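Have a look at these structures, which come just after this line.
Below are two complexes that have subunit A in common, paired first with subunit B and then with subunit C.
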Partner chain A sequence: MQAVLFGLLVGGVYALASSGLTLIFGVMRIVNLTHGALLIAGAFLTYTICAATGVDPFATIPVVGAVLFGLGWLIHRLVVQRAEHGGEGTVILSTLALAMILEGVIILIWGHEPHSVATSYARSSFRIGDLVFPAAQVYGSACALVLLAALHTLLNRTWLGRAVRAATANPQGAELVGIRVERINVAAFALGAALTGAAGSILAVLSPFTPDSGDQWIGLGLAIVVLGGMGSLGGALVGALALGVIETLTATYGSPAWATAMPFAVIVLTLLLRPQGIFGVRVREDVVSA
Partner chain B sequence: MISMTGVYAGYGGGDVLQGLDLELAHRSVTCIVGPNGAGKSTVLRTISGQLAPRLGQIRFGGHDIAGRHPARLIKAGIVQVPQKNGLFPAMTVEENVLLGGYLRRREKAYLRGRYAQLAERFPLIAERAGDPAGNLSGGQRRTVEFARALMLEPALVLLDEPSLGLDPRSLGLVGDTVNTMRESGITVLIVEQNVRFGLGIADRGVVMESGRVLMADSAKTILDDPEMGALFLGGAP
Partner chain C sequence: MTIDRRSFLIGASLLPLVTACGASGSSSSSTAAPLKIGASLPLTGPAADVADPGYKGYQVWQSQINARGGLLGRKVEFVILDDGFDQNTVVSNYNRLISQDRVDLLIGTFSSFLNLPASTVADRNRMLYIEPSGGAADIFSRGHTRLFFSQPGTTDTAHRPFAGYVEGLKERPATAAYLHQDDPSTDVPVQNLRKTFEGLGIKTVYGQKYPPDTKNFDAIANAIRQADPALVVHGALELDGAAVVQAMQRVGFTPPILYQTRAPSSVNTYPKAIGATNTEAIFTAGSWHPAAKYPGNAEFVADYRKQFSQEPSEDAANSYTAVQVLQAGVQAVGKLDQDAIAAWLHANQVDTIVGPLKWDKRGVPDGSLLLMQWQGGKLEVVAPASAATVPSAIAAKPNWAT
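Our next item is the complex of A and B:
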């Protein structure tokens, strides 16, 4: 029971960490391999802001989100938009190259050593009966859920969100209703980067990180998006919670070494058994006019 | 209403439109027919702003609109219903129709009013409002596309192969919709492979070949012309 609940808390943060990927990969269909580097850039930025000002790491989220939004904007404008002319393979290779450059820049600024962000509540926890919940984990998950709810509202209740969904699902159709598809794509990519940065801020509190910690998050993020169903935010949330529980249970009753392999097992099994994911929508393909 | 003069346009590998001249009368329904590759769809793409002409003028409402972004043209009153895949399949029917009003998205009362009018005119919109558009049949999708195109009360509607993939009953519905568009003062330009259907619902016919207008006359005259019958209808009717 303890392991399941802890897994759910972990999964809440996973959900936010993968929400940027849900938007960029699941909705926009861009395989963005800078995802891990952006996440860790968010973590290091949080570290620096906290070290310089002494504010609570969760309070850095707006600033980190804004910086990553700008970075995402630049990445899309300067790299992804141009690479897209060369097809998906070009996008994958150029974002992979960019991820390595970003990691190099992070090493140049912050060095190789593991960093962590200290908080006053790092050692405190909540108790309900026999169950123990680390405070940082609870705050982190709560923060993640608030941001996810905001993203959900943005995508489903605002015109910007509708334009993002329309432009990514059907660029030509979007253009014919007057949506400026290129502008919307840049904004959506930047938003994905901002969410990823925010997740980095939360992760900075939960565990120590190094410049290459981002790598493991790409596999995890892809697993969540595939499991939940491409482009479904609700699916990504459920997928993330499920993966959090699967990992924690594997680590508790199996071994931590197996836990890191779980995301990849999930990708393979999902694609074999239910390719559209838990919440993926299958639409009719039997009619010509879509 | 709209006139194209000496328009040259293409996709990089030479011009598809080779000095096209075309004029549409206000409140008319015109159907362009012609063999594959004649440049019929390119005419629509050039008017709706998806393709900028290399040379020539397109005059609409007293302005030269050649090469303007689709968003500006929609504001000016020109809207296109594409040949296929026009909708957003994962979004609901209601969202799809409302997106037709994207450019006036801040005018909530206006959009609500327009949506209500369209839901009354096309009962399907009201019945299936909450369903994903991707679950609709071909004919139902066409209806949603038409409703979406009419959200901002356009002056000129461009229909690219509206009969494509439709059963006879849905074809009748397309014809009815075009008629109501004409009655409400909208100018309609149709491109059709199904020559009999297209010319049957149009007042005017335009025959295109190799990027130019070969003949423009009343739709009936073209439909009855034995030479045209041999050329495009595969023999006399």
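Our next item is the complex of A and C:
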């Protein structure tokens, strides 16, 4: 039971960390390889704000999200939009190159050394019966779920959300009803970057990080996106929780040596057994793209 | 929604790509030109936090030697390339340093992972290779005669200081847990400690390894908590050392005795990550201490602080030691004859900031690492007695402070 609890808590954070990747893939059909660098940029921004002001790291999320939203907007305008003419491969290669540049910039600003964001609750826990609840994990997961709920509301209750969903389901059809798909793409990319930055703020509380720590999150993010159903936010949440539990159970009852291989096993198994993921739907491409 | 596997396949296939960038020098050496020393360092990638202070150690020595007129009367210039912690890149970098940049001397890089292939390039080109880190046994078993390790102990002997301490306890711990990152520099010391302690009758209640990309240690810490060992031995490299301690703090388990490799030596970052008071009584093994009375050590510490406005780490000291050894050999021989320098180093002892070093025919030093422990917010030497900076070790670790 304790292992499942740890898995669910870490899965909540995984869900937020992968939501930006899911959103961007869902709308634009591209794998954003700057994802890890944006995540760590969010963590470093949180570190700097906390060190300068002494505020709680979770309180930095609006500022970090706003900065990352702007950065995402710039990345789309200056790189992704121009690379799109070369096709999906060019976009992916461009985001890979940009990820390296971002990592270099992070090194120039913050250096190579590991950084940590210290809080009064980062090392504490509370107990209910025999179950241990690490405070930072509980707050981090709760914060992640609130942000995901806000994103869900945005996508389902606002015009922007309807436009995003329309552009996701059928870009040509969306254009026909007056939706500027290109603008939606920019908004989705920037929003995805903001969510990723917010996840970085939470991760900064949970463990030490270095400029290259983001690399570890790309494979995990892809696994969650594939498992959940590519582009499905609900699926990403379920997929993240499932992966968190699978990883934790593997580390507890199997071996930690296998735990980090689980995301990749999940990618392979999902593509073989249910390519559309848990919440994905098979759609006739001839109809969609007509 | 359609599933676009092509995008994912392209994305996934690009994940392992690692690149490197570098600087170069171009002119060939002459007697009037600066004396060029080449190295490839993992200035980006997962070992960048180790290589950065290592590079600074080289830079401190460079400032000192040039202020004294240089080496063999020539100003010293470093040609440093970045390999991104990639074995293929480190090989091409050392080839480039030799054939294109035409450096006069080579110096080693960081980690056994990189030094293993890099030292092979040096050996094929009949170049001297002094490595500041990378003490895995495999490196010294290939018959290289120009290879020297500039720390007092290797991975094979790294367990001895702590093993000796536990062996000497009147009341030894009854149970122990062993955890280590899957890396040759952590695997061997932890396995050696386990073998030694099991021989002493200390029962193993937990034993696992984890891959370098492990992000979440809560489940591992909880499993250790449930095993309730009296001693935890953790083979850590850097980030994972602090992350495991943080996870143990979160699950509310304080091991009565905690020994970690490497990570506690990061005096600038480790206390910040786990809480300064929580470092108390954590053991590690190390090669160097800032207060050691060895010749040149005080000067190194002062110059490092002055040049970089921070405390020197063990990695910085190790790279400084490597160039001290190189300097001693070159000055003794009086010319850049790689074989003659290697022969001199095999035959003589060199005084360094980690103490006097002397090597066997494999390039393995005949010394041992120091047993160190955090006490009162400082990393102190507790054994051997001749190098101790505090009277005794703290036997039991206080509970974590939140």
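Keep in mind that, in the parts below, the second predicted complex is superposed on the first by the 280 of 290 C-alpha atoms of A that agree within 3 Å, B and C clash if a C-alpha of one lies under 4 Å from a C-alpha of the other, contacts with A are read in each partner's own complex, and residues count from 1 in each chain.
Just so it is clear, a residue touches a chain if its C-beta (ideal position, glycine included) is under 8 Å from a C-beta of that chain, and two chains touch if they have at least 3 such contacts.
These numbers were taken from a predicted model, which means no experiment stands behind them.
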In the overlay, answer first, second, both or neither for which of subunit B and subunit C A:Gln81 touches.
neither
Quick check on the superposed pair: does A:Ala169 touch subunit B, subunit C, both, or neither? Answer first, second, both or neither.
both
Is A:Arg29 contacted by the first partner subunit B, the second partner subunit C, both or neither?
second
Which of subunit B and subunit C A:Met100 touches, first, second, both or neither:
second
May I ask you to decide whether A:Thr48 touches subunit B, subunit C, both, or neither, giving the answer as first, second, both or neither?
neither
Partner chain in contact with A:Phe6 - subunit B first, subunit C second, else both or neither
second
Touch test for A:Thr252: subunit B only (first), subunit C only (second), both, or neither?
second
State whether A:Gln216 touches subunit B only (first), subunit C only (second), both chains, or neither.
second
Between subunit B and subunit C, whom does A:Thr119 touch in the aligned arrangement: first, second, both, or neither?
neither
Counting residues of subunit A in contact, which comes out ahead: subunit B or subunit C?
C
State which residues of subunit A lie in both footprints, the one left by subunit B and the one left by subunit C.
169, 231, 281, 283, 288
Subunit C residues touching subunit A - in the complex, by the definition given at the top:
1-8, 10-12, 14-15, 17, 19, 43-46, 48-49, 51-52, 182, 208-211, 213-220, 222-223, 238-239, 242-243, 246, 249-252, 266, 268-269, 272-275, 278, 400, 402
Residue ranges of subunit B in contact with subunit A within the complex:
48, 50, 69-71, 74-75, 79-91, 95, 98-100, 102-103, 105, 132, 134-138, 141-142, 145, 148, 164-166
Quick one: which bits of subunit A touch subunit C in the complex? Just the residue numbers, please.
2-3, 6-7, 9-10, 25-26, 29-31, 33, 88-89, 92-93, 96, 100, 103-104, 107, 111-116, 118, 120-125, 127, 132, 134-137, 168-169, 207-213, 215-220, 222, 226, 229-232, 247-248, 251-252, 255-257, 259-261, 267, 271, 275-277, 280-283, 285, 288
As the complex stands, subunit A meets subunit B at residues 159, 162-163, 165-166, 169-170, 172-180, 231, 281, 283-284, 287-290
